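Shared between the two complexes below is chain A, which has chain B as its partner in the first and chain C in the second.
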Partner chain A sequence: MERIDEINRNFFTLFQEGRELLRKDVGAVMDAQREKALEEFKAHGIPYGCENYLYANLLPVLERDYNVSLRYVEQEVDLSEVFQCNVPCLDTHLLLTINGRFWRGNERPDVPEGVIVCGLAEASVKYKELFDKYYNQFTEPGRADGLVDLNTMLAQDGVFVYVPDGVVMERPLQIVNLARAKADLMSFQRNLVIVGKGAKATLLVCDHTLSDHYFLMNNLTEIVAGENALMDYYHVQNQHLGASQINSVFVSQRRNSRFEANVISLYGGFIRNNLYAALTEEGCECDLYGMYLSDKKQEVDNFTFIDHVAPNCRSNEHFKGVLDDSALANFAGVITVRPGAQKTEAYQANNNLLLTDTARVNTKPQLIIDADDVKCSHGATVGQIDEEAMFYLRSRGISLAEARMMMMFGFAHEIVGKVRLEPLRAKIDDLVDKRLRGELTKCHNCVLHCKQ
Partner chain B sequence: MENLLTIKDLHAGIDGKEILKGINLEIKPGEVHAIMGPNGAGKSTLSAVLTGRECFHVTKGEIWFNGKNLLDMPAEDRAREGIFLSFQYPVEIPGISTVNFLKTAVNEHRKYQGLPPYPAGEFLKMIREKMELVNIDSHLLNRSLNEGFSGGEKKKNEIFQMAVLEPKLAILDETDSGLDIDALRIVAHGVNRLKRPDNSTIVITHYQRLLDYIVPDVVHVLYDGRIVKTAGKELVAELEKNGYDWIKQEVESHGKN
Partner chain C sequence: MAKEQDEILNEVTEGEYKYGFVSNVKTDTIGKGLNESVIRLISEKKGEPEWLLEFRLKAYRHWLTMKMPTWAKLKIPPIDYQDIVYYAAPKQEAKKSWDEVDPELKATFDKLGIPLDEQKALAGVAVDAVMDSVSVKTTFKETLAERGVIFCSFSEAVKNHPDLVKRYLGSVVPYTDNFFAALNSAVFSDGSFVYIPKGVRCPMELSTYFRINAANTGQFERTLIVADDDSFVSYLEGCTAPQRDENQLHAAIVEIVVEKNAEVKYSTVQNWYPGDKEGRGGIYNFVTKRGLCRGENSKLIWAQVETGSAITWKYPSTILKGDGAVSEFYSVAVTNNYQQADTGTKMIHIGNNTRSRIVSKGISAGYSSNSYRGKVKVVKSCQNARNFSQCDSLLLGDKCGAHTFPYLEVANPTAQVEHEATTSKIGEDQIFYCNQRGISTEDAIGLIIKGYAGDVINKMPMEFAVEAQKLLQISLAGSVG
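The block that comes next holds the complex of A and B.
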């Protein structure tokens, strides 16, 4: 606990010392929320040993001596360098962030009229009314999580998206989060996505490391899906083994809205995903999918929290993972059905393939049901590659290695197959195939040698 | 003529239990052999041992295929040498489309033979031709392998794979089980169309009905791990009429003497 106290103290000091810089360039509301978060952080500190972080091995990740830069550092970005690493190069509106900051070199995307896409700090000043109405309004369920508070305390920028009522964005918005530094670095990024009534938007987030330092990204995205809105959130996580990330998404859904998240964790040292969804009005549909392919000493920790506040909503979650070497995966899924949220349908499944004796999985469903007319189910499996199926493939002349590859690919495909955009689905399938064959370019090539 | 397959005094079992107790069998190119016998006689074990299932252990004997020692080879090499098993229970494999599976299998065969991968366009053309042979619906190609297929579709898919891989020796393990009469006819018709003077077939079955369509040259009765009777196709009708009891009695009284 001493070490935890020290880490907490360090964050506190960092905040105090950086207080003036944090005030710079952001609106009053964004800054005021920092103080509230600070009080919460003082009360809870970083989560350690608590129920929602039971198996997460945070200490080695947080103990490292990172730099934190509270100033915007001008960076040249060569797009060809970014795209050397098999990033889905799709027909998207492309935006870059660097070390948590909205890159100043981003071009104004050619979006439909009324749509706003800009840096979060800029929005906190320029689109005050919208920003103030929604900023930090949906993180309540993560209140006891000090990592969420840290983001609110220390994040200075990120991406702001506003899609007005009735506007359909056909092209996905792609945010590529780049990490590049001259020393080990911790960064905080905050995004806010507002999708209006009957509007439609697709967000594709990719994480990439451009230098071989140790990174810790603490990113938080708040999403509001208005009445009848359609919102898809895809996240492809591909960093090197020295890069860790805590990625929290809070979505608040209004009447008859549909939200889908699909988080594909291909590579990274430590990955923690927090997916919070609140189904606040009737008729909401929420699908959360996740897939993780881990080897070496990677850790992937998925935490979901679905809050059925209103009746007649449906949620479905399916997370699948393949674990090799000494990889560790954790899944914890909380579903709450509030009193009165009758006719709720909530399903949850977590399936894991263990390829070695040293790979580990912890899986923990947690259903809290306070209504009496609901359909809820959960299931978890931890198994090995099916020997019958292996023999079937080999009996057709397919080698042992290739058969294993096919089995893993097939296992993962169930999740990739949920991706609604066909080109993106094909691209992710291809990434998964490359990942399984060890052909995936991790974003900084030299990583292959120095962080293993 | 050289034998395509020669099995000499084969003993094999699983978990220390002996199931095959000295099988001798010779198959020449172009021949169709039926292996019949009651439940538990060792029919499926024989097909498993021939195709290289590792959970079965060969304790004695030899298997020669096309001049090569089969027991030295892993399952995938036996397949590449030209052995094909139509499974009694084809396995469902989610997430792998039938067409990708076939492409991988065909190209693995070609690699073994020192050939380059099949050109994509020609591959699809070949696949379409073979599909017609067994009346298989083209939408099955893009579906996950065997997943949610009906019993008939699964068996047709087995024969379709056989058509694509063009084996020298096809082993049909209870291919008639779970088939209605129309599917049975289609499957049998497919097998007959694939017959060539240089390839052979082993039909493993309980019943006569498949053998009405795929007519065997030689019929063997497997009982208690041994081939206890070998005759021509007329034996099929006799077994259908009188069952296996008379053979069991014959074997047992022979044993007492």
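The block that comes next holds the complex of A and C.
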């Protein structure tokens, strides 16, 4: 507890000392939100031992002595380095961020007319009206979470996307978050994605570490899906063991909008995903899928919170994981149905495969229901590979190792199969296959030899 | 039709508490408040040995360092622990034969339908009736004694079997366990003690009725059941309480030790006064129940029907320590009006090849809040554990809430743990189907609830199953069923 207090104080000091730098280059509203967040942070601090972080031990992650760079450091990026990790045949608008900052070398993507894609700091000045209307308006559900406040306090940049009403973006927008530093680094990135009425957008976020240091990324993305909008969010987390990630996504859905998230956690030291979705008007649909393959001493912690505010909405969640070595996976899902949100359908499932004696799983699916005309269910399982299925395969002459592989692949594919971008799906399947065979150590074909 | 259905559901909320009456028995109480001298006084009044007083005092000192837990999804009004009378006993303790017992007390039991007189031998029920805090009469002690079964009030057990009590008291629920357990350990007034010797199959179902009677008296029961190797016992606990305006606190402890190859079945019908339609009054029921399956292949079954209490905070749990131990938990929890319940179970798998099964059915109506909270834990060294949990919620009305908070913690790959939960209301199509076949809406709802809770009710001993069915009807229906 003392350590936590100390960490809280350190952040507080960091904020005070960097106050002037933080004010630089950003709009008034973005800066004003920092003060609000500071008050909240003072009240809550880093979440420790609270219900939503019951099984997540942030202490070892936060205790490390990271550097925080509040100044923009110009970095050259060798695109070939990035493209090695890229998905073949996937045609996207590519944007890079480095250590949480929008890379100045990004070319202006060839997006449909009216679509705005730029750095968040730039948007806070240049597209003031849009920015001010939406910035930090949807983080309310993460109120008691000091990590959310920290992001609002310290994030200086990120990606801003605006898709106007009725515009359909055929090509996905791909954000590659790069982490590269000469010392251990903590970064804060803030994204804001606004999808207008009847618009359609796909966002693909990939994380990569380009140097062999300890990283802690505390990223936050706010997404607004307007009336009848369609929004797909894919996140492929593939970093190294020293990289820790706290990734919060807040989604606010309007009437008849549809949101789908797919979070694939392949590699990383400590990964915490917070997915918050608020279904604020009738007819919304929300699907959250997640898959995690963990080994060594990795820790993957998924937290989801679906808030059914309006009636006639549907939500579905499915998270699956395979745990090897001494990996730890936590899942906590909350579905709330507010009074009056009748005809809600909400489903939630979490399945885990434990492969070794030392792997652990904690799962906590929760339903909080205050309306009567609803269909809600949740389920969670923890177990090992079905013996009968194994016997079936073995009796057909398939080796033990291969049979296990097939079962695990099939288990994981249920989630990967939800990915609608064909090339990405093939790529993830390939990564999963390699990962399960132990051929993939960090990032497929990566030029670096990171710490294992 | 929907309207008619609503009316029937409304009647649900109208159902008045059937057992609300105050019996006029003289009680011996001490003043309000809690401090060491009160504990010494309780101990002295009960003529307890020194070690038990020490136990109480240690618990009290520990309790002082604790805070009331706030994690449950309950709104608990602040409780002034100094405003409670910690000891009340009916004054008729000295009576030797049943005939001398206060007729009013007998009438109370008659109203409750407790089979206390000799004829009940045929019903095979031995009753240790607890009125407020002290046992009034125990029947069939002789029959049980023949087999070596000890079934007596806790105070008697302390006097006559101190070694057994000393050995097992606090072995499953230590006084440090939680706030209410510490409080109970400090001030417990009486309760029941059961010891089933090796190889004995208890010839009858043991049953205790608890009643809170004197106004402003917290009741702090303590039950200790020990089933030695290869024995079997089925224990029934049922509660009703008179209607009162002020809230009453009930913080009981139930400890069960199950040795090798033994089996214990613990059934509860809980129908404390739930408060009136506006949510005034009612019992606060904060109970710690826990069983330890200590020996190999031991078995513990919990079956409960919870319809009463303004606030329920109760998690009958099992520690599956012996290899091959089995535990099952069946529960129906009904909340109506402004009742709140946060109830569930814990299954801690320690021994190899241990199995547990949880079936929990929640029914909420009116403005009530009904939560299932359960934990299934498989420790690292536990091989081949198996758990299945099913937690369903049924909502009758759009102002009530049904919540599910399962915690699954697994640290061994050979474990197979499954949890599933659903929340729904009685479907219009279900009612329509029944109506079509000439079943009135009222009967249809009764039928559906009966079917819904059937899995659990069927696990109750027969006499209880009947009472439980009735209770469901009373709490939910007025006219349903």
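Methods note: the second predicted complex is superposed on the first by the 436 of 452 C-alpha atoms of A that agree within 3 Å, B and C clash if a C-alpha of one lies under 4 Å from a C-alpha of the other, contacts with A are read in each partner's own complex, and residues count from 1 in each chain.
In this text, a residue touches a chain if its C-beta (ideal position, glycine included) is under 8 Å from a C-beta of that chain, and two chains touch if they have at least 3 such contacts.
A quick note: this is a predicted structure, and the numbers were derived from the prediction, not measured.
Peer 1: Determine, under the contact definition given at the top, whether A:259 touches first (chain B), second (chain C), both, or neither.
Peer 2: A:259 contacts neither chain B nor chain C.
Peer 1: Does chain B (first) or chain C (second) touch A:127, or do both, or does neither?
Peer 2: Touch partners of A:127: none, neither chain B nor chain C.
Peer 1: Determine, under the contact definition given at the top, whether A:406 touches first (chain B), second (chain C), both, or neither.
Peer 2: Only chain B; A:406 stays clear of chain C.
Peer 1: Contacts for A:15 in the overlay, against chain B (first) and chain C (second): which applies, first, second, both or neither?
Peer 2: Touch status of A:15: no partner.
Peer 1: Who does A:340 touch here: chain B (first), chain C (second), both, or neither?
Peer 2: The second partner, chain C, only.
Peer 1: After the superposition on A, what does A:138 contact: first (chain B), second (chain C), both or neither?
Peer 2: Once the two structures are laid over each other on A, A:138 reaches no partner at all.
Peer 1: Who does A:388 touch here: chain B (first), chain C (second), both, or neither?
Peer 2: Touch status of A:388: first partner only.
Peer 1: Who wins on chain A residues touched, chain B or chain C?
Peer 2: So, of the two partners, C touches more residues of chain A.
Peer 1: Do chain B and chain C land on any of the same chain A residues, and which?
Peer 2: Common interface on chain A, chain B vs chain C: nothing in common.
Peer 1: Would you pull the chain C residues touching chain A in the complex into a rising list?
Peer 2: Chain C reaches chain A through residues 71, 73, 380, 393, 395-425.
Peer 1: Applying the document's contact rule, which stretches of chain B touch chain A when the two form their complex?
Peer 2: Against chain A, the touching part of chain B is residues 51-53, 74-76, 78-80, 84-85, 87, 90-91, 93-96, 101, 104-105, 108-109, 112, 144, 161, 165.
Peer 1: Flag every residue of chain A that touches chain B in the complex, lowest number first.
Peer 2: 386, 388-389, 391-400, 402-403, 406-407, 409-414, 417
Peer 1: Please output the residues of chain A touching chain C within their complex, sorted ascending.
Peer 2: 51, 55, 339-340, 342, 352, 354-384
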